[in-house]
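Next come two complexes, and both contain chain A; in the first it sits with chain B, in the second with chain C.
Our next item is the complex of A and B:
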């Protein structure tokens, strides 16, 4: 066993904790309540220029001509940048190399960036952007993925020969035999919609030319090393010339993971070409039009079950609208595909996924990453099976739920860390599920209650065998101060300002004030992205290992000084002492000082490469994820039968995601995710006109939940099903509670009104017409 | 150009402004009070909230001229000599702060609410907050923070 694995295991087995598991206040809260916290737009640099993006007014067109002359004459305009000015490679695609930073020759969605105006003041940039003369030759547009996937005469990316960007598949057992064995078959089509991240701070970047031909880019990306790589590629420079740092970021939710690097590259390009610092901030409308959205999905789902509710087969087809560029679409589709069974055992499975180009803003990362869509289908199906068989939906789930020792739909053995069954039982009891379910059945009158249940699961780390790793640097100064460098970002979730400081404080036994975390920077070794709920799990392994290595060295030194066995040493409260003889003790600061005098190195990296298996795409079987986090939500709703308005009145969450390092922070993640899930379930939808332009790119027409829309959220149940590679056994929590929220609400609404709606969001109109369906004919 | 005089966080200031300037631009661009955030500039998100004569207003929709002779309060006003205001304490303790972009607006709004109503019910709080969006917290802990703040304020 390697040194790092030994250290991970040692801390996984720890039984007593000083600070892990405690709800400490996040260390950045003080900056944020006093107004001292600085966000992108709060930085000004003398001589700084302002950039603005010029967007396409067409969804699919050839760019015939861009005439700069007129716009360049506007006072204050310094430079107008188009694709041909890019010194490096005009390529910003993520999963596939299909996306330019600035459109070249052709535009593929309404809102696509075409040019960057650089001016001495923001006003001049705005005027110039509206005056820039671009002439197009429109092409036929494809907005419907079902049409687009069958067309060969209109191609969004000519070179591909098809509008299908990517496909996925899973095959297990024999589905037709499975359906033959079933007593009931349920088959439905589900639809989900584009959702906007609506982080309250729009995207931005500040690029500053530095000595030696380098650039410092202050970026809102969720993966500094990706922002660095894309910026370097655009500028035609090696990555070592680009340094990424981050200010506080006003929310990310995945959107800035995809868009942040592009904005960094746009600002850096402007800085490179003008030799000046450049600030680029997207306006709200630009943010809406330019950046990726949660994908729209169409899911055809067929399930078979025996009379007592055991699943025998599933046959699933997932079609995702990729929009104009693949971006992370293939990975989003992968995730949806891998999770298509839900956290249930099924012997026969066939899943096919299609990621299809259309002329709409492209899809991208958004909390849940394809999983809320598929779990909406899975969990609606579970309820429909229960209804057909006259069973309690809870029982149907309990009969099929994954347990340790079982295999997933892709044939992967789950040998540990499967706490979902226990969490489900505990939650049903806490919510008094059986009683409420029965009671609400007989609701009469205008306002009717319903209660719904949905489970979700979410693979930790990236899908299939895609390499994943962690790293960090810990360094101790002579006075005992500790600095940590990590690429994990703070985007509101607070990973570096809660979990990371707690891990270091726990391992080194020092107060929080001794520790500073430098997060979101390429000054740290590549730590991977702050996405896939990995910041406090995979992303924090590096922090744990680096700190643990330093501790081992200090323990050896202390044992020499104190004449005792290093194993009997405790590190606590800035002191190191022998638990057998507490008299034998040293102050942290003195021990550190001794280390400097005696030649003991007190800086360390914490590299860890996550062991994984392989997925075989040919046979549609194999290794999907190192472990899963599990979540269950129970939702209670009240439906106004006369208006169709749904009010979510109460939510009960339970989570099985390994060690909980900071319960308060995790509660915050759960509550925030539930709010976004309520938005997805009931009201949020990006709407397009027949030319592919977004018609609601503002907060008047795009509605998100306010305080008034929030139900009472009960304290979550935590089942700590430890994961062997997680820091102290932690899995991930950031995305979890969003995943089953739309399904739980849809199930509750179906319970209340006695009929199911298969398409999100459940707007009052849709609910009202569903209630009225059939009634009108009876009259 | 026009000169206006107003009280900013308790101190009289005099500044020259363009007549069509918003209070948001005056505060952010001229006076460098960056705790006042810009989220939409259309009166839709509420993160630009400041208190004008103790009442919450969207600074992005308020002409700077309107501040003439009046009091403008931003979150900087609340902590005195490094000591946090009980509302700020309550926001930290209850975990009401995530990304923090909306936090100054919520804290100021809480300040205005508690001036009006010392013991607001959950409904009162939700109603008072209807004009500000938080995309991170789901409001649960913000509401909790207001309740704690009201207790702390009533004690002191």
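Our next item is the complex of A and C:
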């Protein structure tokens, strides 16, 4: 076993903790509530220029001409940048190299960036952007993925020969045999919608030319090293010329994982071509129109089960609207495909996925990453099976739930860390599920209660054999101060300001004030992105290992000084002492000083490469993810049968995501995810007109839940099903509670009104007409 | 600094008193009064309103007052919605205004948004319009040449179009005391539980005598180009028995013209207009009975 693996295992097996598992306040809390914390807009530089994006007003068109002359004459305008000015490669695609930074030759969605205006003041940039003359030759547009996937006469990317960007598949057993064995078959079509991230702070970047032909880009990206790589590619420079740093970020949710790096590249491009610092911040409307959205999905789902509720087969077809560019679409589809069984055992499975180009704003990362869509289908199916069989939906789930030692639908053995069954039982008990489920069945009045249950699971790390690693630098100064460099970002979730400081504090036994985390920067080694719920799990392994290496060295030194065995040493409260003889003790600061005097290195990296297996695309079987986090939500709703208005009254969450490093931080993530899930379930939807333009790109028309829409969220149940590679066994939390929220609410609504709606969001209107369906028309 | 949009250069005037404001309005010719600015600033940002002169009327003492007279209650146009909510006498004597105000926007908005601005903006979705309509409110429109008083029903001409002349200011909203003597209810359906524009809202005022409706006022928003009184439905209801209201309110469908938009389909608006009118009627009747006791 390597040194790093040994260190991981040592701390995984730790039995006592000083600060891990405690609800400490995040170290940025005071600054944030007092308004001291600085965000992009708070940074200005003398002589800085302002950039503004010119967006396409066509969804699919050839760009015949861009006439700069008039706009360049507007006083204050310094430069107008188009694709042909890009010194490097005009390529910003993620999964596939299909996406330009600035449209070249043609536009593929309404809102696509075409040019960057750079001006001495924002007013000039705004005027020039509205007056830039662009002439188009419109092409026929494809907005419906179902149509687009069957058309070859209109191609959104000509070079591909098809509008299907990517396909996925899983095959296990024999589904037709599975259906033959079943006593009941349930088959339905589910639809989910485009959702907007709606971060409080829109995208932005500030690019500053520095000495030696380098650039510092203050960026809002969720992955500084990706922002660096894309910026370098656009500028035609090696990555070492680009340094990414970040201020506090006002929310990311995945949108800034995808669009953040592009905005960094746009600002850097403007800075490179003008030689001046450039600030680029998207307005709310620009943010709406330009950046990726949660994908729209159409899911056809057929399940078979025996009379006592055991799943015998599933046959699933997933069609996702990729929008104009592949971006993360293939990965989102892949994730949805691999999670298509839900956290259940099923012997026969057939899943096919299609990621389809259309002329709409492209899809992208959004908390849950394809999983809320598919779990909405899975968990609705579970309830429908229960209904057909006259069983309690809880029992149908318990009969099929994954347990340690079982294999997933892709044939992967789950040898550890499967706490979902336990969490489900505990949660049902806590919510008094069986009693409420029966009681609400008999509601007769105008306001009817319902209770619904949904499970979710979420693969940890990147999929298949796609490399994933962690890293960080820890360095200790002579006075005992500790600095950590990590690429993990602070986007409101608080990972660097809770979990990371706690990990370092725990391992080195020092107070929080001794520790500073430098986050979101390429000054740190590549740490991977702050996405996929990995900041405090995979993303923090590096922090743990780097700190643990320093501790080992200090322990050896201390044992020499104190004349004892390093294994009997405790590091606590800035002191190092022998647990057998507490008299033998040293102050942290003195020990550090000794290390400097005696030549012991107190800086370290924490590289760790995650061991993985392989997935065989031909046979649709294999290794999908190193482990899964699990989540269960029980939702209670009250439906006004006369208006269709759904009020979510209570939510009970349970999570099995390994070690909980900071319970309060996790509760915050759960509550936030539930709020966003309620938005997806009940009200949020990006609407397009028949030309592909978003018709609600503002806060008047696009609505998200308010504090008044939030239910009472009960304290979560934690099942700490440790994951062998997680720091102290942590698996990841950030996305989890969103995943089953739409399904739990939809199930509760179906329970309350006695009918199911298969399409999100469950607006008052949709619920009302569903209730009225079949009733005599009174008009 | 406006980073994201451009508002053409304009002159900002802050008159010291009403008279000065009216003079300016006359002299400048193309000026726009600004009260809370919660509608106007948005309109200027999106370019729906273009003006070279703004006259700030938010601090004019003469129109930021609430007076209780023998026959009427006078609410100055520049009174903010939060001031209405906080006014104990309004809460006691015209609770329906408080109900409507509490449902409008958010606390931050209500702290600056004025009742006059809500009416003068003449949005089809104006939430203060239905309660003021059922209260038979009158508006005092003032110019440097004098005042005129018109009923609120006559004020709305279309979406964002009113009876106001360019040199006129809405100065007072006059609520006749006798209109307050009724059972009332305001109901609004929105897309979420707070901070939402209406899909449809209704205000109802009722008096009954021996289980028969002897006085009724119904007004709605978001189902026509302007907020409207439902005259035909009112007529239908007069004299009918309390237990017959449900059937009679069906008449409403004939006098509303809802459209489909981002917030709702026309069909849903139509059905909800009827439902909440029935609900509001029943609750108003209940409120009237309590009041009579």
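One rule holds for everything that comes next: the second predicted complex is superposed on the first by the 776 of 779 C-alpha atoms of A that agree within 3 Å, B and C clash if a C-alpha of one lies under 4 Å from a C-alpha of the other, contacts with A are read in each partner's own complex, and residues count from 1 in each chain.
The criterion applied here is as follows: a contact is a pair of C-beta atoms (placed from the backbone, for glycine too) under 8 Å apart; a residue touches a chain by one contact, two chains touch by 3 or more.
What you see is a predicted model, and the numbers here were worked out from it, not measured in a lab.
Q: State whether A:700 touches chain B only (first), chain C only (second), both chains, or neither.
A: It touches chain B and chain C both.
Q: Is A:38 contacted by the first partner chain B, the second partner chain C, both or neither?
A: first
Q: For A:200, is the partner it touches chain B (first), chain C (second), both, or none of the two (neither)?
A: First partner only.
Q: Looking at A:251, would you say it contacts chain B, chain C, both, or neither? Reply first, second, both or neither.
A: Once the two structures are laid over each other on A, A:251 reaches chain B alone.
Q: Would you check which partner chain A:123 touches, where first means chain B only, second means chain C only, and both and neither mean what they say?
A: A:123: touches chain C, not chain B.
Q: For A:50, using the defined touch cut-off, is the partner it touches chain B, chain C, both, or neither? Pick first, second, both or neither.
A: It touches chain C, and chain B stays clear.
Q: Between chain B and chain C, whom does A:708 touch in the aligned arrangement: first, second, both, or neither?
A: Both partners, chain B and chain C.
Q: On the A-aligned overlay, A:727 touches which partner chain: chain B = first, chain C = second, or both, or neither?
A: Neither partner.
Q: Figure out whether A:647 sits in contact with chain B (first) or chain C (second), or with both, or with neither.
A: Only chain C; A:647 stays clear of chain B.
Q: Indicate the residue numbers of chain A shared between its chain B interface and its chain C interface, in ascending order.
A: Residues 41, 283-284, 700, 705-708 of chain A touch both chain B and chain C.
Q: Which stretch or stretches of chain C touch chain A in the complex?
A: My answer: residues 1-6, 42, 106, 189, 191-197, 199, 250, 253, 262-265, 267-268, 271-272, 275-276, 279.
Q: Which chain A residues qualify as touching chain C in the complex?
A: Interface residues on the chain A side: 41, 50, 122-123, 126-127, 281, 283-286, 642-643, 645, 647, 682-683, 687, 695-696, 700-701, 703, 705-709, 763-765, 768-769, 778-779.
Q: Flag every residue of chain A that touches chain B in the complex, lowest number first.
A: It comes out as residues 23, 25-26, 28-39, 41-42, 197-202, 248-251, 253, 283-284, 491-494, 664-665, 667-668, 671-676, 698-700, 704-708, 710, 713.
Q: Could you list, by residue number, the parts of chain B that touch chain A in their complex?
A: The touching residues are 33-35, 37-42, 44-45, 47, 74-76, 78-79, 84, 88, 91-93, 95, 97-104, 107, 125-127, 129-130, 132-143.
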